[in-house]
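Two complexes are shown next, each including subunit A; its partner changes from subunit B in the first to subunit C in the second.
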Partner chain A sequence: MNPAISTDIAAQLIALLAVLMLVVQLLLVVQRMLLTSIRLFAVQSMFLAGIAAVVAFFHGAMHVYIVAGLTFIGKVMFLPWLLDRQVRRMRIGQEIEPLVNFPTSMLTCGGLTLLGYIVARPFTSLERLGNNTLAVAITLVLTGIFLMFNRRKAITQVLALLTVENGVMLAAVALTTYGMPLVVELGIFFDVLVAVMVLAILVYRIRESFDSMDVGKLTQLKG
Partner chain B sequence: MSSTAFDFVLQTALLLGLAPLVSGCIKNWKAKLQNRRGPPVWQVYRDIGKFLRKDMVVSEHASWVFSYAPYVVFISALLAGLMVPMVSTQAPLSLFGGVLALVGLLALGRFFLALGGLDPASAFGGMGSSREMTIAAIAEPALMLAIFTVALAAGSTDLSHIVQATLGPAWSLLNPRHVLAFAALFIVLLAETGRIPVDNPATHLELTMIHEAMLLEYSGRYLALMEWGASIKQLVLMTLLVNVFFPIGLAADASPAALGLGLLSYLARLSLVAGVVVLVETANAKLRLFRVPDLLSAAFVLASLALFSTFLFQ
Partner chain C sequence: MDQFSPILLNLGLLGYVLGALAGLVFFRRSRAANLGAFGCAAAAAACTGLACVHALLTGAATDAGSTRLVPTLVPYVQFTVCLDPLSCFFGLILSLVALALSIYSLGYARGYYGRKSVGVLGAFYNVLVLATTLVFLSDNAFFFLIAWEIMALSAYCLVSFEHEQNETRNAGVLFFVMSHIGTGCLILGFLLLFQASGGYGFAGFHALGDKMAASPRNAAFLLFLVGFGVKAGLVPLHIWLPAAHPVAPSNVSALLSGVLIKTGIYGLARVLFDFLGTPPNWWGVTVLGLGTLSAVLGVLYALMQHDLKRLLAYHSIENIGIILMGLGAALMFLHTGHPVLASLALVAGLYHTINHAVFKALLFLGAGAVVHAAHTRDMEEMGGLAKRMPHTALFFLIGAVAISALPPLNGFVSEWLVYQSLLQGFGTTSSLIRLMFPLSGAMLALTGALAAACFVKAFGITFLAQPRSTHAAQAREATPTMLLGQGLLAAACVFLGLFPTLFLKVLDPVTRQLAGPALSTQLSLANGLVLSGATPGGGSVSTLGLTAAAAGLLLVPFALWLVYARRTRVRLGPTWDCGLQGLTPRMEYTATGFSKPIRMIFKALFRPRREVQREYDFSPYFAKTLRFESHVEELFLTRLYRPLYGAVWQASRRMRALQAGSLQAYLIYIFVILLVLLLFAL
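Here is the complex of A and B:
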């Protein structure tokens, strides 16, 4: 294949998958069913794994394949399975009304996306950067943080943390083209994995002690 | 000039003939997917034929608006359909403003549909009209923004030009702003055609109905026109979706071979979209009415992001 054309295709594919990640993120903002949210997160991670695979394939970077594989096993299969089991065990299907209502939070996230695009704009002229992948990565981090403090259920907050991490990984994989050193990526990956497992246990404990996952109740003292 | 007239006749015939078939196919496939036998695909033609033969009962409180509304709804949908390229890249009718006129015609139809619901002073009709307008208030801007995104990329608001511009390099179809606009337009399609997350086309339950509530007082010929008009509007929106975003195989000239190929590819893409609609309808439950703005605000934000990203990366 002609190298110029193949780079072009790679850039298009990465931009497309990145925007799909953004779309899933925005759907996550207006989703109130916990199980569907977990599935949406799995889909978003699958797009991330796809981006890693595209980068690995078109730039011949072998260790990025490992990142893609780990993302797939960890974030598409294992973590959703873990959270899924957690939600089923606690028998809570729905998120309660968030602090900011859904249309407003959707518009807020639209604004945050715009902010992400504007912040990323000076960098888009740099060599080799996927045209708006950086913007999407920044947006994922911003909307993830927004989602984290907007929702009251601890499980959704864990999911929000995971989407923030997806944003960081997206920036790491797509923007540096050859990825960061493998050790760093493995470090981030296992960090999050362990964090989520600990959080899952913590959520269960919160639920046991307070009969609710509403983190607003954590301010009450328990004798 | 004769080829223009031919286009005109061909597209009118296609719109009139194909629209009930698409509705019938969706009904039939949906039933099949849910392990029911379902009505045959031509049931909608039979329904319309039967309505046309039946007598009308008109409320004594109804004014002239009630009897004009079906004609306006039907003709505005048909005119809007003539402005969208269907089989060839050239649409037979191109009014001032192109896309704007299209959205305006659809809005005109909706306005008279709502008036027709209000006019006979039945409680359900007014409720349906109010709901329809609530939904349209968010769905319409999303529709406009999504089409403007494509129009900006093509540099023209004329739909024929837009289609010709997107026919170019195949990779531009995967452009991020196209994806965002496509997602927004698909949600708008579900809302505007009264499909399941927004409205249930198969029920007359008073708590949920929107479109059916406005048609409750209509009967006979008027009801036939209303139903036919609604199915034409659905076909127009689907055509917009398949031809603006995936104009593969559209006839560039008026030769019979090119037209035949264009028709085949058009039907294939149309049935694909209909299939996706069937899947969405089967996999989802109807949203509560007060949740519908959540979904539509998602469409609105997607469409505005599509538009903004066009400007940010010029």
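Here is the complex of A and C:
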């Protein structure tokens, strides 16, 4: 295959997948059902794994395959399964109650997306792959944090944290041709894995102690 | 280059490390831990002391280079030591005191057998001495700060050693907080020096001040003054000192008061004379003024104490003041360009440094033996100990005479030198500022007199008359090793007092490094038998001669007895008791009563309060019970630190509103800051 054409195809594929990640993120913002949110996260992670696979395939970087594989196994299969089981086992209500209502959240996230694109503009020359992937990555981080404080239930905050992490991974894959050194990627990956497992246990404990997953109840801990 | 001193020094440092390890290894076996830790410390102190004396006397110190102790991995941080004259002098002080203390501790630590872990005490003691040695010897700012912090932390652990008591814990925390305020200032000061020199080596800092702009130079001076002033116990930064020294085990109190606070003096001498170049006049005036203030206030508050160790702690503030008077005067002389007088004042200050280290350590050891025997630090419950602990009483008396600056002991010699430099300072300048010199001289005279009054009280109430409690009545003499430790220091007091001209040779390389000329030949007349004031206008004095004269005068009453009274009859009878049924301890003069005249004279300062409660049946003249309480206000505590503490507390309470305990709020903080940063980046 002609190298110029293949790079072009890679760039377009990555841009497509990145935009799909952003769309899923916005869907998460307005999603009312908890289990659907978890599935949406799995879908978003799948797109991330896809980007990693594209990078690996078109640039012949074998170790990025490992990243893609780990992302798939960890974030598409294992973590969603873990959270899913947690939700079912604790019989939490499915309804998500946001602090800010959905239209306002949507508008805010639109603003954050705009901000992400403006902030990323000076750095577009650094992007080796795809267009605007950095902008999407920043937007994912910002909306992820917004999601975190816009939710009451501890488990939805874990989910939001995971989308922030997806944004960081996207930036890492997009900005460096062959991804970060494998050791760093593995480090981040296991970091997140362990963090989520710990959080899952903590959420369970919070539920046990307060009979609720509303983090607002944590103010009772303050002396 | 001569390798004798560095090798001995390394041996000594190794000895402290071994001592600390021995303390930890024999954690559960008191006797072995005691022998291992304090034995190693004594040997190590002897080694480092020899190394310092050798370097000073052979002149090896003058051109000493750096020696690397441990290889380093980080740029700028060099673990190097340098045996230059100033370091050696302070190393000598430390080693001398540590040697006596370690021997004393062999006996003193027995009091903790079965009660507390002697191993922990020994380990921290070794770490403290090791860190203090490294503070004196390091020639890299990073290494200095690391050693400084280890010193502060191990000192904190030792102060809190008897942590079961509330008072001890509070004192430990106060020490910790004050110490860290000081360290913060030091770090900022060293950063200013780093900015000017581009390195952290002390060699690069030499005379750096002349190349610095005025404002960073003055800022550095103030930062170092506060930073080292906290450690030295300079008024008004002294409040930790009378809290922390009494509650520590007595061997540690002696180390704190004798040596640890001298690290502040060392730092000031190093920074002011070595690093910051020719001083502006106000530096000297500030140091001299603060020194005078510390001296007078220290002794005044000391007079009001009836806790023996607290009294000694306040005297440390007084003596630090006297040392700083010497250093301040030296700075002023350097400013006006009188190097000989500057040398004289510096010699006076440094001589008083070693003297104070020796006699204060001696007094704390004596107090330790007394407290150990009488089971209390309150002087009002002691008394009559001279009969029960004759050797301790003798050594304490030697220390008391020395600290009261009475001839012929060492305190007199160094205070005389301070007077000499102050009195000769009047002619060095024509500006009005010269009035500082006679005024501080007068304040020094007042200090000396009050100190003498204070030690009449301390010795009299503690050792003389009848015991006021059963513990005091059953007191027993201290163990031989405890007496040996005190004896060493008492001998040092006598030596430094009688043969000052011999010792002044040791100070020659130090003055040559810091101020200018060496003075030992100018200061000694008549083959070193007489100490002179260095300049034609100065006085001269001979402690040896005074002693000889006193001994000669002692013959006079003996001769009179021989001539007139040999055949008269000797009659023994009880002391006149005003016709009562014998004398009881309740009739004795109390410590509070003794200091009452002075409390009344300085009423404006002390603001004394007293409460008297009487219970009587039919007439107020026949009271059944009487309760008397008297308080003296500590001005700095009530007027400066309490309001400051209150303000900080209030501000913290308001800040707590930020910490709402709500997860969402915290996330919003992060989010907002992230947004603000991003918008700034645009």
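In this text, the second predicted complex is superposed on the first by the 214 of 223 C-alpha atoms of A that agree within 3 Å, B and C clash if a C-alpha of one lies under 4 Å from a C-alpha of the other, contacts with A are read in each partner's own complex, and residues count from 1 in each chain.
Operating definition for what follows: a contact is a pair of C-beta atoms (placed from the backbone, for glycine too) under 8 Å apart; a residue touches a chain by one contact, two chains touch by 3 or more.
The structure presented is a predicted model; accordingly, all values stated were derived computationally and were not measured.
Undergrad: Consider subunit A as the common anchor and indicate whether subunit B and subunit C clash or fit when overlaid.
TA: fit
Undergrad: Would you check which partner chain A:102 touches, where first means subunit B only, second means subunit C only, and both and neither mean what they say?
TA: The answer is first: A:102 touches subunit B but not subunit C.
Undergrad: In the superposed arrangement, does A:12 touch subunit B (first), subunit C (second), both or neither?
TA: Only subunit B; A:12 stays clear of subunit C.
Undergrad: In the overlaid three-chain picture, which partner chain does A:118 touch, first (subunit B) or second (subunit C), both, or neither?
TA: Touch partners of A:118: subunit B and subunit C.
Undergrad: Based on the superposed arrangement, let me know which partner A:27 touches: subunit B (first), subunit C (second), both, or neither?
TA: first
Undergrad: Going by the contact rule set out at the top, does A:189 touch subunit B (first), subunit C (second), both, or neither?
TA: Once the two structures are laid over each other on A, A:189 reaches no partner at all.
Undergrad: Name the contact category of A:58: first (subunit B only), second (subunit C only), both, or neither.
TA: After superposing on A, A:58 lies clear of both subunit B and subunit C.
Undergrad: Of the partners subunit B and subunit C, which touch A:41 in the superposed model: first, second, both, neither?
TA: After superposing on A, A:41 lies clear of both subunit B and subunit C.
Undergrad: What is the contact status of A:142 with respect to subunit B (first) and subunit C (second): first, second, both, or neither?
TA: second
Undergrad: Does subunit A have more residues touched by subunit B or by subunit C?
TA: Subunit A has more residues touched by B than by the other partner.
Undergrad: Could you read off the angle at the CA centre of subunit A, spanning the centres of subunit B and subunit C, to the nearest 10°?
TA: For this superposition the angle at subunit A equals 150 degrees.
Undergrad: After the superposition, pull out the minimum Cα separation from subunit B to subunit C in whole angstrom, please.
TA: Least C-alpha distance after superposition: 15 Å.
Undergrad: Per the definitions at the top, what is the overlap between the subunit A residues touching subunit B and those touching subunit C?
TA: 118
Undergrad: For subunit B, which residues are in contact with subunit A within the complex?
TA: Per the touch definition, subunit B meets subunit A at residues 171, 174-176, 179-180, 183, 291, 293-295, 297-298, 301-302, 304-305, 308-309, 312-313.
Undergrad: What part of subunit A is in contact with subunit B in the complex they form?
TA: 8-9, 12-13, 15-16, 18-20, 22-23, 26-27, 30, 102-103, 106-107, 109-110, 113-114, 117-118, 121, 124, 131-132, 135
Undergrad: For the complex, which residues does subunit A have touching subunit C?
TA: 99, 115, 118-119, 142, 145-146, 148-149, 157, 215-216, 218-219, 221-222
Undergrad: Under the definition above, what is the set of subunit C residues touching subunit A in their complex?
TA: Residue positions touching the partner: 659-664, 667-668, 670-671, 674-675, 678-679, 681-682.
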